[in-house]
Amino acid sequence: MAAKTAIQDRADPLVRRYSEVRDLTCALAAPLSDADASGQSMPDASPAKWHLAHVTWFFETFILRDHVKGYALFDERFPFLFNSYYEAEGERHARPRRGMLTRPALDDVLAYRAHVDAAMQAAIPALDDEVKALVELGCHHEQQHQELLQTDILHLFAQNPLEPAMWPASPKVPVDMPSPIRWAEHPGGLVEVGHDGEGFAFDCEGPRHRELLHPHAIADRTVTNREWTAFIEDGGYRDARHWLSDGWAWVKENGVEAPLYWEKRDNVWTRFGLDGRRPIDPAAPVTHISFFEADAYASWAGARLPTEAEWEAFAAGRDCRSGNFLRTAGPVEPRPARGGCGMFGDVWEWTGSAYRPYPGFRPASGAVGEYNGKFMSGQFVLKGGSCATPVGHVRPCYRNFFYPHQRWQFTGLRLAKDI
Amino acid sequence: MAAKTAIQDRADPLVRRYSEVRDLTCALAAPLSDADASGQSMPDASPAKWHLAHVTWFFETFILRDHVKGYALFDERFPFLFNSYYEAEGERHARPRRGMLTRPALDDVLAYRAHVDAAMQAAIPALDDEVKALVELGCHHEQQHQELLQTDILHLFAQNPLEPAMWPASPKVPVDMPSPIRWAEHPGGLVEVGHDGEGFAFDCEGPRHRELLHPHAIADRTVTNREWTAFIEDGGYRDARHWLSDGWAWVKENGVEAPLYWEKRDNVWTRFGLDGRRPIDPAAPVTHISFFEADAYASWAGARLPTEAEWEAFAAGRDCRSGNFLRTAGPVEPRPARGGCGMFGDVWEWTGSAYRPYPGFRPASGAVGEYNGKFMSGQFVLKGGSCATPVGHVRPCYRNFFYPHQRWQFTGLRLAKDI
Amino acid sequence: MAAKTAIQDRADPLVRRYSEVRDLTCALAAPLSDADASGQSMPDASPAKWHLAHVTWFFETFILRDHVKGYALFDERFPFLFNSYYEAEGERHARPRRGMLTRPALDDVLAYRAHVDAAMQAAIPALDDEVKALVELGCHHEQQHQELLQTDILHLFAQNPLEPAMWPASPKVPVDMPSPIRWAEHPGGLVEVGHDGEGFAFDCEGPRHRELLHPHAIADRTVTNREWTAFIEDGGYRDARHWLSDGWAWVKENGVEAPLYWEKRDNVWTRFGLDGRRPIDPAAPVTHISFFEADAYASWAGARLPTEAEWEAFAAGRDCRSGNFLRTAGPVEPRPARGGCGMFGDVWEWTGSAYRPYPGFRPASGAVGEYNGKFMSGQFVLKGGSCATPVGHVRPCYRNFFYPHQRWQFTGLRLAKDI
Amino acid sequence: MAAKTAIQDRADPLVRRYSEVRDLTCALAAPLSDADASGQSMPDASPAKWHLAHVTWFFETFILRDHVKGYALFDERFPFLFNSYYEAEGERHARPRRGMLTRPALDDVLAYRAHVDAAMQAAIPALDDEVKALVELGCHHEQQHQELLQTDILHLFAQNPLEPAMWPASPKVPVDMPSPIRWAEHPGGLVEVGHDGEGFAFDCEGPRHRELLHPHAIADRTVTNREWTAFIEDGGYRDARHWLSDGWAWVKENGVEAPLYWEKRDNVWTRFGLDGRRPIDPAAPVTHISFFEADAYASWAGARLPTEAEWEAFAAGRDCRSGNFLRTAGPVEPRPARGGCGMFGDVWEWTGSAYRPYPGFRPASGAVGEYNGKFMSGQFVLKGGSCATPVGHVRPCYRNFFYPHQRWQFTGLRLAKDI
């Protein structure tokens, strides 16, 4: 099922990089049937097949069509189907109707991938640097969709009473409960945050600039399932005082009583994951919570969420590749910390910062300028990456963003407080 | 892909009947991929895979589970998934979420069919007559789903900008336009309608009873696409005077301007069908119209829809197997009449009669009693069967029913008038 | 507050008739404040002020504007505001937004009434017979709105936690429980129904025509509150078997557990009425039930609803003015029967007949032709009038109609059964 | 209609302050009929009568009930009706159903006001300082509702095709067009923002703290109607590039083509205001725009919105009482600037800052702690007050907040840019 790549092309580092990213996507989709890959469980999610094709369309459009003379589109009808939201690229199939695309078949989409891969691998070595930068952007773009492919499939499978597992479960390794939270204090002052221009970053991560921190303390680890259970048992979901007004309305309208995918069975809290339904691990970071839940928990705990700048300052200098990330296709889930205080991997951490532009931010010109800037209202920043994020994809300055009610990503929280 | 049946079983007429029905269902689904068979385009429609499994669940539940000692369910989880609306059979998967069932896979459903078929074929010869009647009911039930399977797939494929065809198109045979409508007059008086007890009928078709007809005339053929085009060109869809109040609201809310699946391309009216998009045939009966549209057309034409009893009286004594019905898996579409006045096949004809119980009607007892009676509010009766109805499935007394806005079935109309 | 009419005009019988109708409307609105008269509790209901103005617009438009030379509209802007649904009369204010019309004030609307009344009273004696028939139509039209005015205010007041009463409660007169139902049998056969042309009737009540009845029995009285309570206590609202499919969906979606306006307080069933909240009277006819509830009750009771023709045949020859009708402005409510079997007044009785045209029905031409015919889909017929219907307004052939879920009118039921 | 206050009480400054605020509220409502005062045009808005009662409930609950021995509630049922959103104060009437409260009548609400006023005026002089602070909070609370009362009535009257005016229009004084925007540059650096503890402020305005500004320029005046018209004529509402993604969806879903209340009549842009419909004044600040529109305009103009801190730093030291504010009951509207650069009054200015807590923010304890903090998600900050804001109500640190799609307040914008 994986697209084959001739050995010789991989001599070029960008070809190698490109091919590794592309191969991982196919490996992630390998357990899926044509039907699995075509299902769409909600407007926020997309079919796996759509992800596979959309990232391919990105390369086909912004590299091959725009910069490779003589390239002919694989299928003239695909741009309409697989453009996501680029207004500059014209009309497109309505997002909530992506699940209607039972054709092209998964195999046709894989053929599309192979076709584009062959053209890309041939073309990359000769591209201008500016276009090579677009290839790099496309790789990062595809990595984002690798994560979405996993979380969207998880959401789809969660709708099925059969509760299918995408992967067999890994054996459980007993782990001690993490120690009580230790608070790292910061006296406040000016710090630098945002991307410094070294290596790849999305446009919204810069410019690098100074921010003023106020005196605060930040927790050395994320909140665990056991701690979350205490919040539930203390009536946290039934006490309006802890909740933002919009959050309380969301709780009541949706009857929310626990994180997404949690269910009490035989009096035991279980969660549904890519490896099926299993008891929750009390020592693991809580995940699949909305910003509203994260904020309510922090309020209940007498704390608050860290700001993005506090989080980034605390993360500065740490190895952003060493956490629990996606490294190879297979089951993923947040794991209990084993000493040290990882800021990266496991769960995306909600911050208390609205997703807004940095001083001096300018979107890139052209269609790719629609990548980030236009989403800067109503969403909150998350930091650090998750177990479903491909390793190497995140940085301390990485800015992920979701609406405060969304929780189908691997989202969690870390506490902070004023001092 | 078709379930195989041992020759010897087919000696029993009911086994043969059962097997023929079951084989045709599989043949109808043969062109579908796993993804095609899993898609659901609207709450009114179901995935093909669900149809394949639901009709099987009917036999497994009401025959094998209830009447065959020692039968073990193929899968204990399937009744929850494949019960349609039988409240007496317990909780079930929500209808609008049937498209989420990417598992079981199409192959698993076919295996379910084969398993049940084997058990049924072995069991049928020894069943009591009362249970055999349930088998017959199950066959007719499956035939209904054969029609729905086709119309649901058509609706699903119509959502796809690629406009996939389920079957290659048949070559067009030029046909003369039908003659102008001739009116068959009826002086009124008492007639008998409803099922007379000979052969199979659904419970709602009886009891046979007298109805009083009033003097009227009924058209000798259905309304054609050319006639419908005249209605469009005369502004029929923009003039409130022709429309029922609910119909006018429906037209405005949905921007309705033509029958379902019609689109004007290069200034030519085309329609989408199971053989893809093609120009409409002016001589063929108009189809995919709602009751609201049928009623508005009749009003525009200075006529009305026939009542169910008028229709049934006019159809009495005609051969209800000789029309344009589904006889084998392949493309279906309403065809121009070639002389004679067919009351059967081609298009279901909307009547002006609300679907209500006949005098003395009593639903069957038990779960199968939920089959018809509980739908007797808000729907209108359609008569005669369509090109997608399996031949032999309908009778003059057959009562099909849909809500007045629904039009994804092969629905058409015949005019009547008071005299 | 009542419009004053010069004595001399009332010499003309039609002037007298007109003036009595007009005066009663004002009397019904007398207890209302400007705010009460402006409130709209749901799209189905209209503000009292709107009713007061709309019926006036009817006379102003179809009599004064069309047939009285030199008449100048009271206010050029009012037709846009107070046309209800007459498409032929042009654009109009959206129905669900009628509650936004805090102006014109109630006093302005009363002035509008007085202006039109003066012009009408002056004009009536000299009108042609055909136009006089329109005046008569307008009077019946206004009587319909008299009933709606009461039921719409009741619905509005029911939204207010203060539960205001429009009228002081009448003293309760103890009444014996009615006897058990006695069944009047009918052997079936041809009967004549519909309006015979004598006196006024709406277009939809005719033509008079024959209908074939089947052998049946019909109850001599309507179902009481005590009987309804037994249905509730037997779990009637929780057992899907009794319900039409659409009805069961309605029950679950709306959490229906009792008739509209019923609430259990201190373990006693109470109802809200125009005289405030009071305990239900077990001997009185149940009211404020939907068709779905009526049908479910009948099913639970092993019976069915009568057809319209059965009801009308049973009512033929009875005095349709002698029941519990609205005779003067004041509190109204269904009362326990005191012997005899009233078919008229108290509660509108749901029939099992869909509201569809009679054989040979033709809507009147012009705008007034939109009065009835265009509502003939999806609704059921109710017969007999209610305690809120002005006396003299109904006839045996009178056809009221509502959607099966609606229950803010004084609706009840009478049982029938096949024999 | 105004509540009368004995002269002697007004000797106490807080009594005088209290009485002045209360009197102005009544004066604002004076032109309203009972019906006007009861209407609710959308869930975001409340009836004027409800505002009149709710602010009274605030004093009755948090002062009289909690701190004045022997005080008896005016009506035990009112707290349920007139609590807005204080969860700690128990259940309450649903916000979108406030328009159903045609009772209590406006006169009853005014009597409620008079009753509470008498008790308050008697009680104030003897209250503890802490309770006096609550009285002050209640006055500011009432001032907020004075503004809402005006904007909610404007929205209600705008739904009425009669377009009633609340006040007669003031004569127009010709004014020169303002000069082109002049940019005030700021080199960046640390500034102090937030409330410094002097005088009254809402909890969310503090604590005072340092913020780091980045080099930027800010416009010396707000954007005018003429400038906005250029944006419209340049296709600003039809070009997705200028818009945030959520904003573009909002534009398309609602068919937005101009500010709220604008309509082109006879080819001239007009606006609806509290003085009826009149042509727009090209020299006046544009108003009734959403954040989405403000942001799109700024993008189109090659600029951006100022941050809250930039705005506040620029406003520091200016006289926050000298602008175009509400000073007495009568028509209000944004006026053209006449030299100088007012930061206060005329229109609330959208900032680019999400409404989030300041460092060290803690909500007040008890029910009044629900005042601000719980709304800190999804909303944006507006600064400076408007023509409908009572003079003296705002400060440079005042934080108003609305959702990005809301525009029924007097909202406008000022440009800023990075340098």
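For reference, chains read A, B, C and D in written order, and residue numbers begin at 1 within each chain.
Keep in mind that, in the parts below, a residue touches a chain if its C-beta (ideal position, glycine included) is under 8 Å from a C-beta of that chain, and two chains touch if they have at least 3 such contacts.
Fair warning: this is a prediction, and the values are worked out from it, not measured in the lab.
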Spelling it out: a chain qualifies if it touches subunit A and also touches subunit D; which chains qualify? none
Could you tell me which of C-D, A-B or B-C has an interface matching A-D, in the sense that over half of the contact pairs are shared by residue number? B-C
Counting in whole Å, what is the centre-to-centre distance of subunit A and subunit C, each centre being its mean C-alpha position? 59
Taking each chain's centre as the mean of its CA atoms, how far is subunit A from subunit B in angstrom? 46
Flagged in subunit B as touching 2+ other chains are none
Which label fits the chain touch graph of this model best, line, ring, star, complete or other? ring
Subunit D to subunit C touching residues, read off their complex: 33-39, 41, 49, 77, 80-81, 93, 97, 99-106, 156-157, 159-162, 164
With touch defined as at the start, can you tell me which subunit A residues reach subunit D in the complex? 85, 87-88, 190, 209-212, 214, 216, 240-241, 243-248, 291-292, 295, 304, 352-354, 356-357, 359-360, 374-378, 380, 404, 418
